[in-house]
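Take a look at these structures.
Next, two complexes with subunit A in common: one pairs it with subunit B, the other with subunit C.
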Partner chain A sequence: MSLVLLIFLPIIAALFIPLLFKKVGQIHTGWFVLLVPAALFIYYSTLLPSIAEGGNRVSELQWIPSLDIAFIAYIDGLSLLFSLLITGIGALVVLYSIFYLDKYREQLHNFYVYLLMFMTAMLGVVQSDHLISLYLFWELTSISSFLLIGYWYTRDRSRFGALKSMIITVFGGLMMLGGFVLLGIMGNTYSIRGLISQAPELVGHDFFVWALVLILLGAFTKSAQFPFYIWLPDAMEAPTPVSAYLHSATMVKAGLYLVARFTPIFAASGTWVWLVTGIGLFTMLWGSFFALKQKDLKGILAFSTVSQLGLIMSLLGVSAAGFHVENATEIALKYAGFAAIFHLINHAVFKGSLFMIAGIVDHETGTRDIRKLGGLMSLMPISFTVAMIGAFSMAGLPPFGGFLSKEMFLTGMVALTEFDLFSMDVWGILFPVIAWIGSVFTFIYSFYFVFHTFAGKHKPEELPKPAHEAPKGMLISPVFLAILAVVIFFIPNIVGEWLVNPAVAAIQPFMYESPSDVHVHVAAWHGYITPELWMTLGIFAVGGLMFWTLRKWQHQYERFPNTLNSLYDKGMFLSDMGANRFSRLYMTGFIRSYLVYMFSFLVIIVLGTFVLNDAFAIDMNNLAPVGLYEIVIMLALLGSTVTILFSKSRLTAIIALGAVGYSVALFFVIFRAPDLALTQLVIETISVALFLLAFYHLPQISRKEERMRFRFGNAMIALGVGVMMTLIALAAHSGKALPSISEFYKETVYKEAGGGNIVNVILVDYRGFDTLFEIGVLGIAGIGIITLIKLRLTKKEGQHENK
Partner chain B sequence: MEIIMSVVIGFLFMAAVYLMLSKSLIRIIIGTGLLSHGAHLLLLTMGGLGGEAPPVVADGVSVSDYADPLPQALILTAIVISFAVTSFFLVVAYRAYQELGTDNMELLKGTEDHE
Partner chain C sequence: MKTNDVMLQTVTKVVTFIILMFAVHIFFAGHYTPGGGFVGGLLTASAIVLLMLAFGIQTVKKIIPVNYVVMTSVGLLLAIATAAASILFDVPFFTHAYDYFELPLFGKTSLHSAMLFDAGVYLVVVGVTMTIIQTIGEDE
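What follows is the complex of A and B.
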């Protein structure tokens, strides 16, 4: 089966969704959609055994062969893990959405089409081996995210959030494209595998650091790292299934995927290690710290996602550090890569369930404001249990999966202090400290989320709806995820062997030949108290204490200004205003202004070209002789033109225009163009007649509002155009770049077309289409004229008050 | 002759542009008329004015003596099209004046709230 086509399966399925929604309205469209991720999940699961042994699958579909652009699906441990997450969590989210979105009130066809589009895009991101198609899918995830955040498009906040996420992630995407192109130039290939295989040669290249920074910008914007995270909280306007799926489990992890995928190339650079670890860890602290400021359940989860993404990001940075150590597979540093992937899985599990619970609370009580909630424990016992499991796993408590990966995270950070490259010996101690503080806040907000919602006093009078437990169908997905969070704790090594090790081998090929080389044993209890366990215990103690006193100090958060968001708002406002002002500056609404721009630029460009190419040419040879008749006609022509310019009466002007036309006709006679002369005479006569007919209805020429300065400006531009045309005429006459096709016409006109009048034959035979379209133009003009004369504006009153 | 014609063409274009930049609609229309005359003469001049015979096949005339037929063919098309455009423009002006009572371009630009 072609893996490439499987990527496109969801988007192909999306084609049928509107039809199913319209025709089979009684069955919730989600049931049909569910089949797609479920089937894909099952298929990808069958690949597990061979991938876990270190194998891979490749399938290719040519797209633009001439540019060497192709869709190449390449599945190794890392891609497969992400594909399973996308389809697995996707299936659960679709199942959840069936109960979350009402089939009668919601526009399900829109929703599921976007969701399936996203699925294709995301599978494409994690499976593409070709950088250009990877970029294509990457932007498609941004677009589908935009559409899904703006799903309730009548809400201002939805549109605002959609736009914000779009602008920030697409900005990052474009930067990333720049990085990709640089990589393509450096390695002379767009294949990621090809680039990885020549990683050692790339390091010394001038573009290396540029490519690195640009690609990181893409990853950081997508994965909501500081300072780009600001779009994620606003993205929470999306329906909750979307938040659970895109904005916590999958799309925001695309940045992590990117970093993981490119680690083999960039690990050699100290900049990479510092940036990824530093930004990641700082984001972790920042996100967890500000999560406590939030009042909205989904807001807390958004900041917690930011923080957790930062955590995984920093672990990926540390795993790149393994490149620089000889015996990396034997020291504690080896835990970092494993912990990153392991925590990624845990995070998808517990955060997915927490988002679903937030959705349930919103759905069943009508609010997500944590200040109004409380005491739901007895009313919603199942939801409470699930929320507690998810939150405890997030806080790093046993017996949940999060405990294991959290402890390994601390191990990785502590290991960094022993690292003696890139001035880590000086600054290294900061990493475990920041990690520890971040973890304390993680602990507090996890508890804040659960206990301020489910414990405490129930306030039914503040809730828009009387609270009750969610329908069973809605609980299936979160309960399943909660069970998974517990199961992972008890079988971490099985998860490690099947899912984590193959992915780690893909991230750190410099350390492991194949997944079986990854020797990381996960255990909840190491038989003695490790430093990490001390740190964990410290987190529980300090975190517990601070949560206990939360109400006393939480209001201090109001002191922190929302600098980044207001920067974004101001930036948007200014660019909007600036663009508006700027276009108002030159879009005056006067046709005259536009003509002035056009003519001025025409003159500048043409005369500039003349000067640059030294095209001034006057050829005195081959000139036709000047005769008496020509001079007379020319004087008549000039005289009538001057008359037009200075006439105050429209009649004089019209007649003078006619005189110019007749002079031109006489020129045609003298220059041996009988057909032209005839046509010109006829047309000129009709024109003058037409002018005179319309003349009665047209106003007098009035020039009193045209001031001297105005006229002088016009005259200068007119003079410029005149000079330019004279120069063009001279140059065109003097220099012939190519032989004229006229000779061909002259010679073949009788043989080929059987006509004697060369001009006529050219028009009706050689260039018949020109004439046909000319007739077309005449026809259009004629229809236009009739329509205009027949047209009578309705609503005459009121609309033209400025008369 | 071509050099003198080049100057004449330049003058025609100058007058045409000057008229087109004015505020009165009727002057703009006259300007476009002049512009097309200038363009026609330009085409003719570009091809060279020194033909001995009109471009109609006749006995005893060698190929090189015919006036260049190509510019003439182009101009013939251009004359007809410029006529179509001028007459359309004229009717637009007439109707606009009838409906709005002015041919001043400044007043015709509409107001801010009038999209």
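What follows is the complex of A and C.
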């Protein structure tokens, strides 16, 4: 029970943030927020020993028991690793943001509420065992990401980026939901553990490949894989702490998590191995290649993230291939799963620090344009050191963590050439080649990032602000991460034992019973020169040479068009235009047109149903005699209705309309429905008053444009509505398909509901839900009217909208 | 155009109170005899509208300085809270509770949680009706 509640701790804490921001303004709100991820991180760390031995924790919270939907927190090695990343990096990012976001100028309450909301969503994604709650949290990460990207919502680019990321990731999310539903149908359960246990039976099912592809669409959109990655570079409009947290360390890894989590189910399929490995590797190459085209520091990092995510994705694909090999635990293929998780940790560490450095550079110089930067080394020595460590780790240089995982990545790719299923014997050689080329470009852009920012000639005249080192507090988090990148290099096997192995055992249950079965020894030097080491040395040599001559060939990038982005832009533009045109076809702006649509549609539907079901029933029995009163009221009703139609002035029409209402109320009185009569009378009074108040604003009645055809059409519709209502009334009276419910009300109104007036007890008790939503609608209508009338933008204000 | 509305104003002064008293009565009586929060709310709103017609919106705003948007939200919250409170007692959402009490002055009285819900309805109806009328009426 308690574990599942911990998921909700951040979002509950978020409730107090606006209050703290408003009331305790002199203390930066971030300090309070920091407590949440820090406490969670410490708590999750205490779970490490038992999880590392192969244990797991389950706790459950019922949500919709009738539909068998529950929040189930299931923590195994994989979930725990992600939870630690989310809370650990989260704490560092919050600490960083305290110095990055000014407490007087920024809307911190918005920022931290979104951030905490994201934390809950992300923890939910990685811990949910129930597919539906997993989907819920998944979309919540998209929404909080949308809000955070659009945090500076007055900027055009922020709104554009936020919308783009939302459209692409929510599209993927919906596809994924489809996949989940298919899985639920196939396995008759929504529990991931339940599905994994029956994985062998699922493979042969008709829906299997459909579910696979749909779920991969979800994972690929979220993890920015080709061709969906285009949202990530635009998401860089978010404040840098957000980019470091969501768009490099955690949210974009949700797709990787999903792939890893579902590997035990889908590994049996060759499609899975090919798609995950192929798309991953291609994304890696594509991202690293285009990173060099970027001029914006964060743009470089965004493409680098795309590329690194592709790398991890491809490793996950290879680790699924282990399912198809008898002695997978003994050959080099076993390194893939380990390398995937190990690189995921390394990437979070070095990319987090690099993003923070990019933020620092932006903060202290006022620009992120790499063409204006340069020579900051002597001015910002600490930042430079951190950036160098991060970039070297990313490039795969020793002595940093990235070197180890990069080499294992190459090992895994080389191992794939020996794999003889799914025509890998023919195409397998492509994988190490692509991986190698991608790594060369990774090497180059890592150097490009550091040395074009910190080395070279300082150009103070181009910088908006004179550059200087960042305040100490802002440096804590990146320095900590940089130290971690070095530490991991020296103790890889301890990291492996505590964090990686348990996660690997969760991804590859078909190979390992428990984490202790994972025998992967990480070493920087194997005692002899392995093929991977040759490849690494080749990367350094070729990459170094190409970086040296970068200025000579970098301008060639201008030849590559932005095909995918312009495709997205055109698609958005066309769908916008199309939807607009289509709406304008029928949205004329005249209420009378809308009434024509509504009434004609109503008549067609109802009369159609009548004809289809042969529901005409006219039974004149049991009719009450028509008395003098009724005839008189009826005449008044008819008279006032006709008056409305033919009156020349609006005032007359309004009064006649009131007369119609009062006559109806009189009917209620005669038929002894005091509640209705009372309500009708008061409503008529108020609406007449309202009409009178609004009278000035209404235009003069003009009937010029009404041609004969229009009048004829209206007459037909009016006739139709009249016939329809009469038929309904007669049918309702004549055919009693169901026994009347009034007896039930009579019996229970006093005994069970404790009331006397059935009408009112229906309103507040029997059908209380109706009333609850009705007053909700009323409230919304009120707000709508205020918005329409009071918040109209005058022309002057309109010009400032985009500033 | 300045019209002489002394008669309207004089009558309003008396009638408003009668309507208001009637509204209160009808609201409380609603569970056993005709009435309820919806009609009660409408009647109250009509009393205020009558005041507005006789004395003008600005004057009435000064007499009754109520923010009707807040009133609406309070009403909605009250209604939802009453419905949700049943969860705390481990019974399904929207389960009402009632009992009969001997109260001084009133004698045997039924106290019903539906009353609270109805009060929410009352507030929303008054709030929304007045919001709409005030907003449209004030618009230039």
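What we mean here is this: the second predicted complex is superposed on the first by the 587 of 803 C-alpha atoms of A that agree within 3 Å, B and C clash if a C-alpha of one lies under 4 Å from a C-alpha of the other, contacts with A are read in each partner's own complex, and residues count from 1 in each chain.
In this text, a residue touches a chain if its C-beta (ideal position, glycine included) is under 8 Å from a C-beta of that chain, and two chains touch if they have at least 3 such contacts.
Treat the numbers as computed from the prediction; the structure is a model and nothing was measured.
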| item | value |
| --- | --- |
| Partner chain in contact with A:Asn110 - subunit B first, subunit C second, else both or neither | neither |
| Subunit B versus subunit C as contact partner of A:Leu638, first or second or both or neither | first |
| Subunit B versus subunit C as contact partner of A:Glu743, first or second or both or neither | first |
| Touched partner set for A:Leu763, first subunit B, second subunit C, both or neither | both |
| Partner chain(s) touched by A:Ile686 [first = subunit B, second = subunit C, both, neither] | both |
| Subunit B versus subunit C as contact partner of A:Ile785, first or second or both or neither | both |
| Of subunit C and subunit B, partner touching more subunit A residues | B |
| First (subunit B), second (subunit C), both or neither touched by A:Gly722 | first |
| Partner chain in contact with A:Arg650 - subunit B first, subunit C second, else both or neither | first |
| Partner chain in contact with A:Thr771 - subunit B first, subunit C second, else both or neither | both |
| Residues of subunit A contacting subunit B in one complex and subunit C in the other | 674-675, 679, 683, 686, 690, 694, 697, 755-757, 759, 763, 771, 778, 781-782, 785, 789 |
| Interfacial residue positions of subunit A with respect to subunit C in the complex | 674-675, 678-679, 682-683, 685-686, 689-690, 692-694, 697, 753-757, 759-761, 763-765, 768-769, 771-772, 775-776, 778-779, 781-783, 785-786, 789-790 |
| Subunit A-touching residues of subunit B, taken from the complex the two chains share | 1-24, 26-27, 30, 33-34, 37-38, 40-42, 44-58, 63, 66-70, 72-73, 75-77, 79-81, 83-88, 90-95, 97-107, 109-111, 114 |
| Residue ranges of subunit A touching subunit B (in the complex, touch as defined) | 588-592, 595-596, 599, 618, 622-627, 630, 634, 637-638, 641-642, 644-645, 650, 653-654, 657, 660-661, 664, 667-668, 671-676, 679-680, 683, 686-687, 690-691, 694, 697-699, 701-703, 705-706, 714-715, 717-719, 721-730, 732-733, 740-743, 745-747, 749-750, 755-759, 762-763, 767, 770-771, 774, 777-778, 780-782, 784-785, 788-789, 791, 793, 799-800, 802-803 |
| Contact footprint of subunit A on subunit C as seen in their complex | 26, 30-39, 42-43, 45-46, 49-50, 52-53, 68-69, 72-73, 75-76, 79-80, 83, 94, 96, 98, 110, 112, 114, 117-118, 120-121, 124-125, 127-129, 131-133, 135-137, 139 |
